[in-house]
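Data first, discussion second: the structure below is written as structure tokens.
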Amino acid sequence: MADESANAGGILGHLPPWPRKALNNSVIAMEQAYRQRKGLPVLSDADIEALKAGQPMVWESGNGGSAPVAAPAPPVAAAAPAPPQAVSAATPSAGLSEDVAKWVAEGRKWSKSTIAAEQARRGRKGLPALNDVEIAALLGEPVAAAAPATSVPATAPAPPPAAAPSGPISADVAKWVAEGKKWSKSTIAAEQARRGRKGLPALNDAEIFALLGEPAAPAAAPATAAPAAAPTPAAPRPAAAAATASVAASVSRSGESTSYVGTPAVGTSRAAKAGGIASIGPEDSEVNQQRRRLVWSAVAAFLVAWFLAFFRFFLPRTLFEPATSFKIGYPEEYGLGVDTKFQQKYRIWVDRTPDRIFVIYARCTHLGCTPDWKPSENKFKCPCHGSGYDSEGINFEGPAPRPMDRAKVEVAPDGQILVDVSRLYQWPKGQPSQFNDDGSFLRA
Amino acid sequence: MDWRQLWEICSAPDNVPIVGLIPLLIFYIYLAWKQAKANDELIGELETNPAMAKTHHRKTWPFRPGWQKEIHVWPFLLRIEFLAAIIVTIILMVWSITLSAPLEEPSNPNLTMNPAKAPWYFLGLQEMLVYFDPWIAGVVMPTLIIVGLMVIPYIDTNPLGSGYYTWKQRKFAIGTFMFGFVVLWVAMIIIGTFIRGPGWQWFWPGQTWDHNRLIYEVNRDLPDLFGLTSNLAKAIFGAIVVGGYYLAGGFLVHALFRRYNPKDYQRMSLLQYSIMMFFWLTMVGLPLKMLLRLAFNIKYVWITPWFNV
Amino acid sequence: MREENGNGKNGNRVGLLERVKAGVKEDVQSLKNDMPAKAKEQIEGLKDPTKTQVFTSIFRHKHDDTPRNRALGVLSNVFLHLHPAKINRDAVRYSYTWGMGGITFYLFIVLTFTGVLLMFYYHPSKVQAFRDVLYLEHDVPFGKLLRNMHRWAAHLMVIAVWLHMFRVFLTGSYKKPREFNWNIGVLLLVFTLLLSFTGYLLPDDQLGFWAVTVGTNMARATPLLGHEGPFGKMLGMTPYNDVRFGLLGGSIVDANALLRSYIWHCIGIPIVASVLMIVHFWRVRKDGGISGPAPVMLTAEADKPRRST
């Protein structure tokens, strides 16, 4: 079964499972412990012997068998296991599914890599994988569905499973073996591929083993042990055939170019399933979802509160800045015109006209520099960009948009002028002037 | 029993961390001890049963045995780290809201507080100032502590116990470290925080801190006890005493180490061994000198014109 | 010519006008017909924000539960990729590592964040420092909370660092090949304590002032380099050029000392500590990740030659 299906549709030609070194006690012990934990049938002494002799463990068939029980039973066992095996190995001799039939009808022959890609896609999406019949059909080869089914019973009787897959060694292979050079596994794979391309018969297991330079080891032991151990379905009985079969089948079925020999990649969900362990991670129950939401909302609320506090932190409640309200002496002390007495200390000019006293805040209305009073030209001139203001602070040249602001003035109880620069009177362009408002000037 | 005094000391904001350190330390020592005990039992079983040693698992306290051996960092490790951050933040915020950081009067170089204490993590060193000169307690000792810590991995030749808690397999290492950390470092801090009061005098917990208490202590130097007067004699005498301590102590430790840790002894090179000896004896010398002072009122052992030990 | 351009009396112009009108009518028609459907389609597209260009340009892979995306979540994230994609399931158990290393790092981040915020209101000058702290506590919204958080996080960090060192020692995680990382850790311990020490002075209150005075006074007793230490005078050390002078920037704890303390505390030591932390975390990965829990090793197996990890 293995060979036929492999020849019919294997992707790279099938490779036998790597002949394995004898298992040591700790791995066997681990397996025993695992079985005991899980309540599975434990390994018998015969099984252990076989394992030590080099039989692969049950999961190494690469099936990712969910339970050892479901592992492909040896074809050696009665025909009864055979159909299950045929079933398990080639699930759907069920025929082509609808879309595959459509593709086949299109007439375009699919390449092996396209099939592999389609298999992978199905695997990702969780769709049923292409079965051998479909693969064969897509490849444009005669459906070999019958072949696997019939070949199994054919091998079921006497000939030990080792014999069937091993097969006779053909002439040219015997020649290569005689050359003495041990082939590497990749060379064998390449040869298989070549044969596949040329349509030549693929190397069988015996030939492969011979080329690898190892004895066709699995032959005797599993054969004899198998019947004895047949009742233990869980036994790691996949003799080379079954193993090969399932390997090949899994190759063709899953569309992967290599078959895993050994557990699926540690930590993947497939491995977890293979080990029979429930997928790790918290279940997605309603309660857990609520809890998760609660935790995240609490974290979010905390961070939002911190965020707000963070911004508020930058606005202190009190400031230590120079006073905005101060006295500048008596009105009588000021003569007509601009007085720069307090420009340095308070940034103001005191301006007296025949009918008023007012205080100009010495800030250019362009970009905030402090203009200079030029008595010889009777104007304020800002050094930054050249804005010019007349002797009352009204702008007439340069980029200043409006006259300079005036500070609030009032007469303090002791008769002095009290200036408050925190209250400024403006005359924005095109708007009514505030320079006549109460507080913006003192009657002279 | 002056409870108010005790409460005042314990609730001083900067002492709260030490009050918190004590139960934390006890808890974690207990946690480590539990795991060490489990591991030691497993080791005992495995050592008595070689067949079992070949196949039995080698870990105690497996974490979620049903899980795969290797699990994704996202989400499993990250969620625990996240949880730890949350818990630490909560503790910190509750602590910050309820207890205010201290702010005493503005600094005044002319008015020293009594007692004037270093920050709590340096109180151990400040306690050493009682028994040693400032240059030893303040410079040499911290340097030796740091260098000693750095040297540990290179003189520890015991390959056992790497990656799991154990007591049985690392008695010397763990015993030494716990003596140095818990007894010398932490206990000194506790003394400096709770016991040392005004004038750096010794007040038992519950005794009122009396600023006017005077204890008249007569401290004598060791050479004086032996009636030596000349500087040279004192210097030589002190050298002999200190040298003798290292020698005699060295022999004693050597005998015990060789007897109880024969394998480690074989593995250590001469250099490793001497370094280990030096640091070990120096460390143990501390409580010895403290004992000399507290019990016998002996101040200095080695007096020279340039330094005193 | 004229007649060919349109079917109106005015030739070009009419033809153009007609065409424009027709065109506009067409546009309006097509808008009316197609727009609702198109709009609906585009809004439907936005219903799943994870498929929009904005989202996919920021998050370069899906964040669902597949093993691949779980691994990518760690490996493709600049903040998380210090972690491996997978760890041994036993290493996730809290009681093994106590999480103290991570907690220390988290506290360092908290301290940096709160510290930077505090810097907005603190002037490191003798005239202003104390008043700034008072200002922070009373006139700045959340200022008191921030100051408290900063101080208590500092204490917690010192405690966490000690517990981390303690745990690493107990599990023997300084043994080969982690010796160098242990030493980096010792340096980090020293710098943590120094960070705490330099910060202690900054409020310029009696507590901090005298703590630092006591601390730095020990520096003047340094052998060879201190003006009161052994052999110091012989090398010409005076209070104006010895190592204490270098630390304080003066012979007394004054304005210079405050400024230096500030710079060490905010810039100098954090930079050095960050570099050391980078090395420390890197070495954790390179030396093989978290050391355990490792399978116990038996005495008989201790001296067998092993691979170097």
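As written, the chains take the letters A, B and C, and residue 1 is the first residue of each chain.
What we mean here is this: a contact is a pair of C-beta atoms (placed from the backbone, for glycine too) under 8 Å apart; a residue touches a chain by one contact, two chains touch by 3 or more.
Here the structure is a predicted model, which means the values were calculated and not measured.
Chemist: Could you find the chain whose CA centre sits the greatest distance from that of chain C?
Modeler: Here the answer is chain B, farthest from chain C.
Chemist: Going by C-alpha centres, which chain is most central here?
Modeler: Central chain is C.
Chemist: If you average the Cα atoms of chain B and of chain C to get two centres, how far apart are those centres in Å?
Modeler: Going by mean C-alpha positions, chain B sits 31 Å from chain C.
Chemist: Chain A to chain B: how many Å between their CA centres?
Modeler: Chain centroid spacing, chain A to chain B, equals 47 Å.
Chemist: Distance between chain A and chain C based on Cα centroids, please, to the nearest Å.
Modeler: 24
Chemist: Scan chain B for residues touching two or more other chains and write them down.
Modeler: 57, 64, 67-72, 75-76, 89 - these are the residues of chain B that touch more than one other chain.
Chemist: Multi-chain contacts only, two chains or more: what residues does chain C have there?
Modeler: Those would be 67, 86, 145.
Chemist: What parts of chain A, by residue number, touch at least two of the other chains?
Modeler: 267, 281
Chemist: Would you mind writing out the residues of chain C in touch with chain A in their complex?
Modeler: Of all residues in chain C, those touching chain A are 65-67, 86, 117, 120-121, 135, 139-143, 145-146.
Chemist: Chain C touches which residues of chain B in the complex?
Modeler: 14, 17, 20-21, 24-25, 28, 31-32, 35-36, 39, 42-43, 46-47, 53, 57-64, 67-78, 80-81, 84-85, 88-89, 91-93, 95-97, 99-109, 111-113, 116-122, 125-126, 129, 133-135, 137-140, 146, 149-150, 152-154, 156, 158-166, 169-170, 173-174, 177, 181, 263, 267, 306-307
Chemist: Give every residue of chain A touching chain B within the complex, in rising order.
Modeler: Those residues of chain A that touch chain B are 25-26, 28-30, 33, 266-267, 271-272, 275, 277-278, 280-281, 299, 302.
Chemist: Which residues, counting only chain A, touch chain C once they are in their complex?
Modeler: Touching chain C from chain A are residues 267-269, 281, 309-310, 312-318.
Chemist: If we count contacts the way the header does, which residues on chain C are in touch with chain B in the complex?
Modeler: By the definition above, chain C touches chain B via 67, 70-71, 73-74, 80, 83-96, 98-99, 102-103, 106-107, 110, 130, 133-134, 137, 144-145, 147-153, 155-156, 158-159, 162-163, 166-167, 169-176, 178-179, 182-183, 186, 189-190, 193, 196-197, 200, 203-211, 213-215, 217-223, 226, 228-231, 252-253, 291-300, 302-303.
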